[in-house]
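Note that chain A is present in both complexes that follow, paired respectively with chain B and with chain C.
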Partner chain A sequence: MSDNHAEHEEHIGIPGYLVIFLILVFGTIFTYFSSFWDLDSIFPGANTLLALAIAFTKMMFVILYFMHVRWSSKTVWLAAVAAFFWLAIMFAFTMQDYFTRISGVFSV
Partner chain B sequence: MTAHGDTHEHHEPGLQHQFEDMHQQEESVSIGMWAFLAQEIMFFGGLFTAYLVFRWRFPMAFAAGSNHLDEFMGGLNTLVLIVSSLTMALTVYYAQKGNRTLQVVMIVLTMLFGATFLGVKAIEYTDKYNHGLVPVTGWNKKVKEDVSAPHVTEQDCTQVGHGDGDDHYVNPKGEFQWKDCSLVKLAQDHNYLTEDEKIGYFTNGEIDANKFRDKVRLFYYIYFVMTGLHALHMIIGLGVMLWLLWKAWIGTFGPKYYAPVEISGLYWHFVDIVWIFLFPLLYLLGRHFLH
Partner chain C sequence: MQEVSAISGNSVPADEPKLNYINNGHTLKSWLLTKDHKRIALMYLVSVSAFFLMGGIYAGFIRLELLTPASDLLETATYNKVFTQHGILMVFFFLIPAIPAILGNFLLPLMIGAKDLALPRINLLSLYIYWIGGIITLWALMQGGVDTGWTFYTPYSTTFSNSYVMAVGIGVFINGFSSILTGLNFIVSIHTMRAPGMTWFRLPLFVWAHYATSLVMILGTPVVAITILLVAIERFARIGIFDPAIGGDPILFQHLFWFYSHPAVYIMILPGMGVISEVIAGFSRKRIFGYEFVAFSSIAIAVFGFLVWGHHMFVSGQSIFAGLVFSFLSMVVAVPSAIKTFNWTATMYKGSISYDTPMLYAIGFLGLFLIGGLTGLFLGSVGLTVHLTDTYFVVAHFHYVMVGGQVIAYLAGIHYWWPKMTGRMYSEFWGKISAMLIFVGFNLTFFPQFILGYMGMPRRYASYPEELQVLNIFSTAGASVLGFGLVMPVVYLIHSLFYGKKAADNPWMHPGLEWRTSSPPPTENFKEMPVVTWEAYDFGEESGLDLEDARKREAVTI
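For the complex of A and B:
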C-alpha cells in the first residue's frame, strides 16, 4: 500500500487498465441494449434499476482503478465515501418528503 | 518510503517547503482534490435530486422527452469518454514512468476524444434547436409561416411529432414545440398513469396537449442544464489538459513528481463518471414502450 512505493507507482499496469476499459465498454453496450427489454413488466422501475446498477458498477471500476483509490490512503477513502454519504442524505431527506405527500398537494 | 528516505538532503525540485517529502506532498494533493470532487458531487447532486423529484412525479412525460433524444449519439459519446478516461489513466502511468513522448501522445489523444465528445454534443444541440426542443422561448429556430404547408393553428395531440416534418410546422417566435402525445395516450389506454400524472396532464379527464407539453419541457430544462454543465466541465478539463500538455512537453513530470497529472486525471475521470450516470438517466427512458 502506501508504504510500498514500488507498488504505488505500478498500480495495475497497461494490461490492467485495458481490462478495466473493456469492462466499461461492455457495461455501456449492455446498458444500451438492456434499455430495449421490457423489464418494467417484472416490476415498475426495473429498467431504471438495472441501468443504475450497471452505471454504479462502472463508476466503482473508474474510482477504484482509474482514480487509484484502491491504492490510496485511508484519508482519501474517507473523502470519497463521505462525498457519497452526503449525496445519499440529500436524496433521502428530499425524497422522504415527496414520497409521502398526499396526491395533489404538490400539483401541476 | 525507503525510496524517499533521503529526500531532505537532495531537495526534490517539485517539493514544496511545507511538506516533509514527496510522498506526503502527493497524498495531501490527492486529499485536497478529493475534497474538491466531494463538493462537485454535491453540485451535480442537486441537479440529480431535481431530476429525481420531477421524474418521480411525471414519469411518462420524461419517457416521452427522452425518446426524442438520440440514444445512438449518447451511447457513442459514452464510449468516447471511456476511451478518453483510458488515455488519461495511461497519461498518469507514463508520467510515473517518466516517458515524456508517450505522456504527450496520451495527453493529445485525451484532448482529441474530449473535443470529439463536445463535437457530438454540438450536433445534438443543433438538432434540438432545429426541431424546437430548446425549452426557452426564442432560443429555437424561428420558422416563418409557410403557406404551402398545412397551417396548424392549435396544438393537436393526435399529431405525432414535434416538428420533425421540418417544413410542416410554423414557429415564428422560436417556442418550445411538442405535439407528440402518443406515449401518454398509450399509458392512458393501459392504465399506467398515476393520479399525480393525471392531474399534471389532463383537463376535464382528457389529455391536454399544452399541459403535457409543459411537463416534457421540464425534462428538456433538466436535460440542457445537466448536459450543459457537464459540457462546461469538459471545456474546463480541456483547458487543464492544455496546461498539462505544455508542462509535459517541457519534461516537468517524472517518477518523483507527477501530482499535477494525477489530480488532473482525478478531475477528468470524475467528469466521465457524471456522464456514465447522465447517459442512462437522460437517453434511455422507456425505450421498451417503442416496441
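For the complex of A and C:
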C-alpha cells in the first residue's frame, strides 16, 4: 500500500495539515454566519442547501487529507466511493418519501 | 494428495496435542489479554449465552402474562419494559453477534487457512466494546429499564418516556462499534489472509455469508449509531430533529432507524445461511448445488437489503409512492433467499443424507425459514399489511425468521463445530431429542400467533379479549417446551466437556480446512501453512472421505 507516514509528509507536511485545519475552522464559522442570511427568500431550503454544501466541502478535505485517501490504493478509493453510494441510497430513498407526500417539510 | 491422507488417517481420535488453544495458558490474564481468535470466540460464546438467557427470561414473563386475558401478572407499565428489554437484549446482544462473533470468529481463519484474523488486537477490542455496551445496558435495565420498544420510536423516546432511554441508547451505541470492528476484521482477513490456493470460489459458503454480513455491518451500523446520537441530542438540547413541536419529523427517525435495522435482519440471518450451507452440504455429502449462485445470493441479499427498509413504515405516514417502491423492492429481495432455499433442497436431492443433530436443525431451518420468509411477503404487500401491521402476525413472522432461522442455524452450527471447538463429542441421542423438542416447541409457540395476529390481536399489550385465550395458552405451552428444549443443549454440551468422548480431528469426515487440523486446534491453527488443491465441498471418494468406510474402520478399531 502506498500510504505510509513518510509519504504523506512529503505530500503535504505539517503546514499543509494546519492549512486544512484552518479551512475546516473557516467552514464552521462560515456555516454559523450564513445561517443568519435569509437565503430562503431565493428558494425554500436554500439556507439548508448552503450549510450542506459547506459541510460536504469540509468532509471532502477530511477524507482526502486527514484520512489519507488521496494517496491511498484504488481499493481504498473504491471503499470510500461505495460509502458515498450507500449514503446516496439512504438520502434518495428517504427523500422519495418526503418529496411525494401531500404535505411535508419540503412542501411549498 | 498429502492433505487427504491426513484426513482419513484421523478418523479415530489421536492423542490430544500437548498444546492446543485451550490449554495454552491457564491464567485469567492469558484469556483476558489473548489475541487468539478462538479464545475470543469462546469468551463471546459465554457472554452471548448469558444475554440469551436474560432475554429468554423476559420472554418467559411475556408468555406467562399472556396466559390469561387480564393484565394480572405484570402491571402494564412493567409489561412495556419487559417486552422492550426482551427485544433489546435479544436483538443487539444476542442475534446480531451470535454467529459472527462466536462461530465466525472461531472458524473464519481456520476456513481460509490463516493463523488468526488480520487484526487480532482489534478483535479483542471488539469483545471489550461488547462487554462495555452490555454492562451499560444492563446497568440501565437494573436502574428501571426502558419502555419504548426495542425500536426507540420517536417522539415517545425523545419527548415522553421517563425511562432510561439514553442509558440504554448509549449501551446500544457503544455495542454497535463492536459489530463494525468485527465486520472490518472479517473483510480484511478474507481479502488478505487466504492460504495459497484458497481462491474466492474455493471459499466455504460460510465465509461468503460472513463477507456479505460484514459489508452490512460496516455500511449500516454507523447509521443507527448516529440516529441514537440524534435522539440524545434532541432529548438533551431540544434541537428539533424528530419532534414536530420543535420543527422535527418523527418519521425521519423511522427512516434512519430502519435503514440500519432492516439490513440488521440480514446481519442476523446471513451468517445462519452460511452455517446451513455447510451443514446441508456436509450431511448430504454433496457439493452444494449451484455454489456460485448461493455465494452471490449472499451479496445480493446484502445489497438489496438496504433498499427495502420502508416496508416497516407502510402505515406510519410515509407517502404512498414510497410505499409502492419499497413494496416492490421487498418482493425483489425475496429472490436471492429463495435461490438459497431451492439450492439447499437440490443439494439434498440424491444426497447421502445422515440425520445427525446438526442436520436435524438444518432441516428444521429450511421449513421454518420458508414460513418466515413467505409470511414476510404478506407484510411486504402494501395493501395486506394495513390489516396486519402491529399485530401478532408480525411477531410470529419475525420470530420464524429470527428464532426459526437464526437461532436454529446457530444451534446447528454450535453442534456441528462443537467437536472442533472443544475436542469433545456430545450425546447424539440428547442432541436429537433436543432438536426435535425445539422444533415442536417453536411451532407450538409461534404458529398460533399468526392466527392471533390475523384475528386482530395487537402486539405490545398486556391484555386481550377472552376469545383469544385458547391460542395464547397454546403459545405459552409451546414456549415452555421451547424453553426446555433450549436448556437441554446447555446441559449436555457442558456435560460433554467433562465426560464426552474425545473428538476425532474430522468426526464428520468433511473436506473443509477447519477439519484438517487437530480438535481442538493449536493456537497457530495449523502446524504448517495449508496449501489448498481441492475445490470446495469435494466429497469424492478419491479424497478419502468415505464416511461409511471410516465408521466401519472406527468400529473395528474400538
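We adopt the following convention: the second predicted complex is superposed on the first by the 91 of 108 C-alpha atoms of A that agree within 3 Å, B and C clash if a C-alpha of one lies under 4 Å from a C-alpha of the other, contacts with A are read in each partner's own complex, and residues count from 1 in each chain.
Note that a contact is a pair of C-beta atoms (placed from the backbone, for glycine too) under 8 Å apart; a residue touches a chain by one contact, two chains touch by 3 or more.
Because the structure is a prediction, the values reported are computed rather than measured.
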item: First, second, both or neither for A:H11, with chain B first and chain C second; value: first
item: Touched partner set for A:W86, first chain B, second chain C, both or neither; value: both
item: Which superposed partner A:Q96 touches (first chain B, second chain C, both, neither); value: second
item: Residue contacts on chain A - larger count, chain B or chain C; value: B
item: Residues of chain A at both interfaces, chain B in one complex, chain C in the other; value: 82-83, 86, 90, 94, 98, 104
item: Residues on chain A engaged by chain B in the complex (per definition of touch); value: 2-3, 5-6, 9, 11, 13-14, 17-18, 20-21, 24-25, 28-29, 31-32, 35-40, 47-48, 51-52, 54-55, 58-59, 62-63, 65-68, 72-73, 75-76, 79-80, 82-84, 86-87, 90-91, 94-95, 98-99, 103-104, 106-108
item: Chain C residues touching chain A - in the complex, by the definition given at the top; value: 219, 223, 249, 251-252, 255-256, 259, 306-307, 309-310, 318-322, 325-326
item: Interface residues, chain A side, partner chain C - complex; value: 82-83, 86, 89-90, 93-94, 96-98, 100-102, 104-105
item: Chain A contact footprint on chain B (complex, rising order); value: 1-4, 23, 27, 30-31, 34-35, 37-38, 41-42, 45-46, 48-49, 52-53, 56-57, 71, 75, 78-79, 82-83, 85-86, 88-90, 92-93, 96, 194-196, 199-200, 211, 255, 262, 265-266, 269-270, 272-273, 276-277, 279-281, 284-288, 291
